[in-house]
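Here it is, the structure in full.
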Amino acid sequence: MMPEAVTDRGALPAALAEDEILAVRDLSIAFQTPAGRLAAVQDVSFTLRRGETLALVGESGSGKSVTSLGILRLTPRAPFCRITGQVLLRGRDGRVRDLVALPEEAMREVRGRDAAMVFQEPMTSLNPVHRVGEQVAEAIRFHEGLGRRAALTKAAELLELVGIPDPRRRLASYPHELSGGMRQRVMIAMALSCEPQLLIADEPTTALDVTIQAQILDLLRRLQERTRMAVIFITHNLGVVAEIADRVMVMYAGRVVEQAPVRPLFGAPLMPYTRGLLRSVPRLDLAGLGREKLAAIPGTVPDPLDPPPGCSFAPRCDHVEPGRCDAALPGLDLARPEHRVRCVRWAELAGGVA
Amino acid sequence: MSDPSHPARHPSTTTIPRRGLLLGSAAAALAPAGAALAQPRPPAAPRGQCVLGFSQEFTVAHPLMPANEVDQAVWWNLFSPLWGLDPAGRFYPILAKAVPSLENGGISADGLDWRIELREGVRWHDGQPFTAEDVKFSLALIMNPNFRARGKDGYDRIESVTVEGPQVLRWRLRQPYAPLMSILSQFFIVPAHRLAGAEDPNNTPFHAAPIGTGPFKWAERRTGSHVMLTANRDYFGEGPYLERLVFRYVPDVNVMYTQFRTGELDYIGLLGIPANHYAEARTLRDRVIHVIPRGSVENLTLNLGHPVLREKVVRQALYLSLDTRAITGALYYGLPKEAVTFLPPENWAYNDALPRHEYDPARAARMLDEAGWKPGRDGIRVKDGLRLEFTNSTTTGTELRTQAQQLLAQSWAKIGIAMKIHNLPAAVLWGKFWAESQFDSLMTNTTYTIASDPNVLHRFGSHAIPKRAGYGSNVSQFENARVDELLARGVVLNGIEERRAIYREVQAIIREELPMLPIFQGMQIEGTKAGLMGFENNLHVLANSWNAARWYWA
Amino acid sequence: MSGASEAPIGLAAAPAAAPRPRRRDGALRRFLRHRLAAFGAGVITLMVLACAIGPYLLPFTDTEIDIMQRFAPPFSGPHLLGTDPLGRDILARLLMAGRISLSVGFSAMAISMVIGITVGLVAGYYRGWVGMVLMRFVDAMLCFPSIFLLLAISALIGPAVGSIIMLIAVTSWMEVARIVEAQIRALKARDFAVAAEALGASDARVMLRELLPNAIAPIVVAATLNVAHAILAESYVSFLGYGIQPPTPSWGNMLDNAQSYLTSAPWLAIIPGAAITLAVTSFNFIGDGLRDALDPRMGGR
Amino acid sequence: MGGYVARRVLQAAGLLLIVSMIGFAILHLAPGGPLSQFAAGGDMTQEDLDRLARQLGLDRPLPVQYLDWLWRMLRGDWGASFRDQQPVLAVIGSHVGATLELMLSSTLLAMIIGAWVGILGAVRRHSLFDALATVGAMVALSIPTFWFGLVVIYVFSVGLGWLPAGNRTTIGNESFLDQLHHLIGPCIVLALVSTAVWSRYMRSSMLDVIHQDYIRTARSKGIPERRILIHHAVRNALLPMITITGLHLPTLLSGALVTETVFTWPGMGRLFLDSISYRDYPVVMGILMFTAVLVLLGSLLADLLYHVADPRLGAHGA
């Protein structure tokens, strides 16, 4: 079943639909830097249903990681960083909370319990001076109120769940004693420890060997089937996207530039940027085997402190039309059902390409 | 801190005075409290403690080895000599039954044969009896070539020692030596039964746990902090009245004063209260401040080997233009007494007829003019191409002396004399710099006598110049045939009047020749808690705890 | 150092395990940093000027004794900062002492830099036996707590200005030697040294013309901190009674014996102490600023 | 590990040999000698002094004296003090306690305050507190220790009368409280520099740690901020501090010497100063060797401790 597309700007429903876990509305994240205000993410909106996987795709600096951190408010605090908009999350208890407006203490309760994260670098994301077991058990102790012993028992079960052999013994291991893949499994076990509704995986396989990558993806898929949690999967590897995502959101310079279910997007991308990304992946079916770079597009991401007027991709776009593309920011048009694109020329270009 | 439950604060009428002197005070004790005449009596048994502050640390327990003043302060309470010198400079018997003299036949007419009878019933702290063998052993130990004895002067004149009985001994000198009497007043007897047969006499268990015949026994030593003695209840003499004596090391005189002020110290000894605290100290409640004269002289020791200072006129002009009053008056708050000779007025040989010191820079300038020292282009006097210029040294860190140097430098500069300050750390100054007369002039505090005997052969005799391999400490390199002759005679004569005449003349010559410029008589500001009785200054010993056996709390 | 006088150096030459300072410093901090360095530079400039010119503007000289005027408190009469136990004008002495103390600071720094750079250069360039021996010597010298070394050597020499400078210099070159040695060792492996050597340049030329200029940033920083260290060291030695002797005033010997007047004339202790603190703080500020400005990568070695 | 320790100890032994040669040379080349103190007293003649020099073996050539000293040292004989004849080890032993007490208490104080200031500075980076702490640390590093000691005495002893002006105990009242009372002043003075050093290093170490991925991980787990700070950040940030503390030892010893002087604290610094001024060669050499051993031991211990404390290194093994 295809997920529903985001509603128009300004029309914000107060609650989530029955099967929706997350609704992000007009999320903007800005950093205060010595050089001035830096708008890292602007007006991002999307929803996510139970059991659904959304892939967030873009080059580094596109704002995809900041978006994911912003949802859990893991970005620096005010005044160094300001988050506006709405992030509605249905908790394990069924209540819907606006994470942007939540007091810090309540937000902390949400983290790890209702929504959890897996990070890119399993090497550095685990605390080197604490044993693996304690780190996995920590969230359980805080959110479930279990004692140390009980929490460790549960941690062992979790390690077993993520496929770590001899989990009881592994509890006493230090992170440096584990391989990269094992560590990422530990990270996943840690994220799943409180059975969250939403899992945000920030490039969880990027730092791993190809064979391990596949194993981890496989693990995530199986776990998702089991727990019916919603997953936001951040990556710049389109091959991975094809394998795991239901829906794809392409970001460029802090904005969503195209959003569609995975098949239409791969089959008929509307935004020239997306097309550029796809061109860098030679064969879809082989994509999972290599670590393709998305930087095949000439030029670089614009300076976020000094964004170009109009379409931010315009300076790098092959199809740029002076006077039109650089005049005003294009809207996020609903091009087809469930397929939105931010490009003034998508219709003309679609004709040529499609 | 003193024992708060001190007898004096709860006067006991049952106390039996042990000193005849105090008999009269029994009646006085009935007088209203605080009456000046009320002399509280000492307790029947040792009570309380007294903390004595010293700015040097106790070092050596063996009383015949090289040591400092604090060691002497402890020794006086741990050990006993045959006789001592009282504040008036008179000998009084301690371990000896009587002080030997020509009159009582203890010393033969030619001064060569000495017969000493010892006090009976004296015991060492370990209970062993004290005998003539101990005295003989102690004399022999000093002459033992392997033993690091402090000084052998005098002892080396003893030819043979004979023990005639347990409490009687006799010795014979090679030649008469008058200063021996005084030297022996600081000859502490050590126990033969503990020290005889030691493989290394310099290092025996005795060093860590000394025993003597004195009024107090060794209790503990905490290096860097203090030495504690406890009362010897079997002491043969008067006292002790205190249960404990604590010799506290406080390395800084200012801190020491603060602790005296707060009451942590009951007595402030060696180096005393800094002069700049004197005015305040006098106002302290329940403290008695004693400005005490010492046997030393604050002086400028001149090196007569220096091309400028070898000239007598220069030395006399320097003395004339030396503003001693500015130094004693301003820097030392008017506390010291003036001095013009190397002996203190308390010494029996002191010459009171010497010309007083005058401060007359104008006359000094005239004298220099007449002697051919004419001011040069920069104002400094010159004669035959020689500038009237010399350095003055003292040990670094001696503050008042350094200030005095600067004062002198400025006042001498006004009459064309250039004095430069060249101070050195004590260990350097008192090394070759001093011994080999490498200095031009020194500002120091010198005790010219040994054990208060007026003999100064080692200071002014021409055979005592260490730079010329002499035996003594005549670092001024002073040479005077008449002085040599007088001093040589002074040590072999035994009659006190004859000796007095000799040393009076020596002082007159030194006053005229000025190998050293006396500035003032050595002094120290000591303090005691008001209730501490029995304290008495004695400049013939190196430390005022000499009679702590007779101290007690009022 | 003292607890102290070593510390500025210790902080500069952060040990191997020391964390790498962040370069992503925020505006406030960078602002503050530069402000502090500027403040330091300003203070030192003012001090140098005051010490150079000031004595000529005062009605008193630093050595003029007026025993009747002793212990005049500050701001109480003709003597702006009061007088000392001999009635000398403290301001005049402070300025003259500043000349001495600052000269001692700079001279000792210069000498210790020459020693340190030479040893570091030679040890870093000729690794092997020579380097080993030199660096072991450096290690051994660093085994002595600096005050202990300072005092032990001060016993060796007379307390004149020149010898105090030498004393401080010979006890403070080791850190510099280590810094330079490490830099040279790293630089030597890089291309331009190899190229210069290949072109047949002499050792001395390679060392002085090719390697040294590339190591200049940490050296400049170390030099600044070394001045601070030297001023402190002078005051310690003087305080302990082995320093520059009167009548020559230095900030350190003005403090000598101030302890005995702490109750009656506290300004005798406070004024020179404040001058030392101000000067040393300023040099440390400058050093800190220089470190940030010259080479963002260093400081974390 | 064992091999590593053995190598380090061997290196240290080599260094100590060099240290002893430097120390011996410096001391014995200095003018003046241990007998000067007796010359100053005046009741001993030059003849006596020359005899003593002979008896103490001070008239032998320097290399002979050094080899003699070294040979005795290697057999565990540190010699005896010229000043009071006590064995050097006993002399050092009776002073080292006071110094260690001072050093440990001030290090503890510095660790607590310095770590706290550093952590707070890092957590509230760019705040007014951080700015003041930075400036404060720089000033603290620049204040002459003895002068700070004088100021403390002036304010707290002379002025307010809260603290004793010196010494380690009051005679007759050597209770724990009395000792503590005496310890406060010197402890604060000695801790000043260490606190500054600690706060500076702790701050930068914390800044490093705070930006580590695992802190973000912990935060994503919903752990309370306080626990993240203490359990995750501080634990890691403290690791490099072990090394810093080891390397700080010589500075601390220097500071202790000065502090002891100001507060008449009967420790090794005081002893060293007295021994230097008396040229008590055996004791001075003893202290130099002792502190060198302490310094080397400190850095070795810091390294070993680091290995123990950091599970990534050694001790635990995979």
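Order of writing sets the labels: A, B, C and D. Residues in every chain begin at 1.
The rule is short, and it goes like this: a contact is a pair of C-beta atoms (placed from the backbone, for glycine too) under 8 Å apart; a residue touches a chain by one contact, two chains touch by 3 or more.
This is a predicted model, so every value here is computed, not measured.
The minimum number of touch steps separating subunit A from subunit B is 2.
Between B-C and B-D, more contacting C-beta pairs join the chains of B-D. Greatest Cα centroid separation from subunit C: this falls to A. Distances from each chain's CA mean to the overall CA mean are smallest for chain D.
Centre-to-centre spacing of subunit B and subunit C amounts to 45 Å, using the average Cα coordinate of each chain.
Rounded to whole angstrom units, the spacing between the C-alpha centres of subunit A and subunit C is 55. In terms of their C-alpha centroids, the spacing between subunit B and subunit D amounts to 39 Å. Between the CA-based centres of subunit C and subunit D the separation comes to 22 Å, rounded to the whole angstrom. Subunit C has residues 26, 155, 259, 262-263 in contact with two or more other chains. Across the assembly, subunit A contributes no residue in contact with two or more other chains. The set of subunit D residues touching two or more other chains comprises 30-32, 158, 261, 276, 279.
Residues 1-8, 10-11, 14-22, 26, 28-29, 32, 36, 136-137, 139-148, 151-153, 155-156, 228, 232, 235-236, 239-240, 255, 258-259, 262-263, 266, 269-270, 273, 276-277, 280-281, 283-285, 288 of subunit C are the ones that touch subunit D when the two sit in their complex. Only residues 1, 49, 51, 57-60, 62, 65-66, 68-69, 146, 148-153, 202-203, 207-208, 222-226, 246, 248-252, 255, 258-259, 262, 264, 296, 395, 425-435, 446-448, 450-451, 458, 464, 466, 470-473 of subunit B touch subunit D when the two sit together in their complex. Contact residues of subunit D toward subunit C in the complex are 14-16, 18-19, 22-23, 26-27, 29-32, 125-126, 130-131, 134-135, 138-139, 141-147, 150-151, 153-154, 158, 190, 192-194, 196-197, 200-201, 204-205, 207-208, 211, 240, 243-244, 247-248, 250-259, 261-262, 269, 272-273, 276, 279, 284, 287-288, 291-292, 295-296, 306. Across the complex, subunit B is touched by residues 30-49, 51-52, 55-56, 80, 83-86, 90-91, 94-95, 98, 157-158, 164-173, 261, 263-264, 266-267, 270-271, 274, 276-279 of subunit D. Within the complex, the subunit C residues that touch subunit B are 63-65, 67, 70, 85-86, 154-155, 158-159, 241-242, 245-247, 256-257, 259-264.
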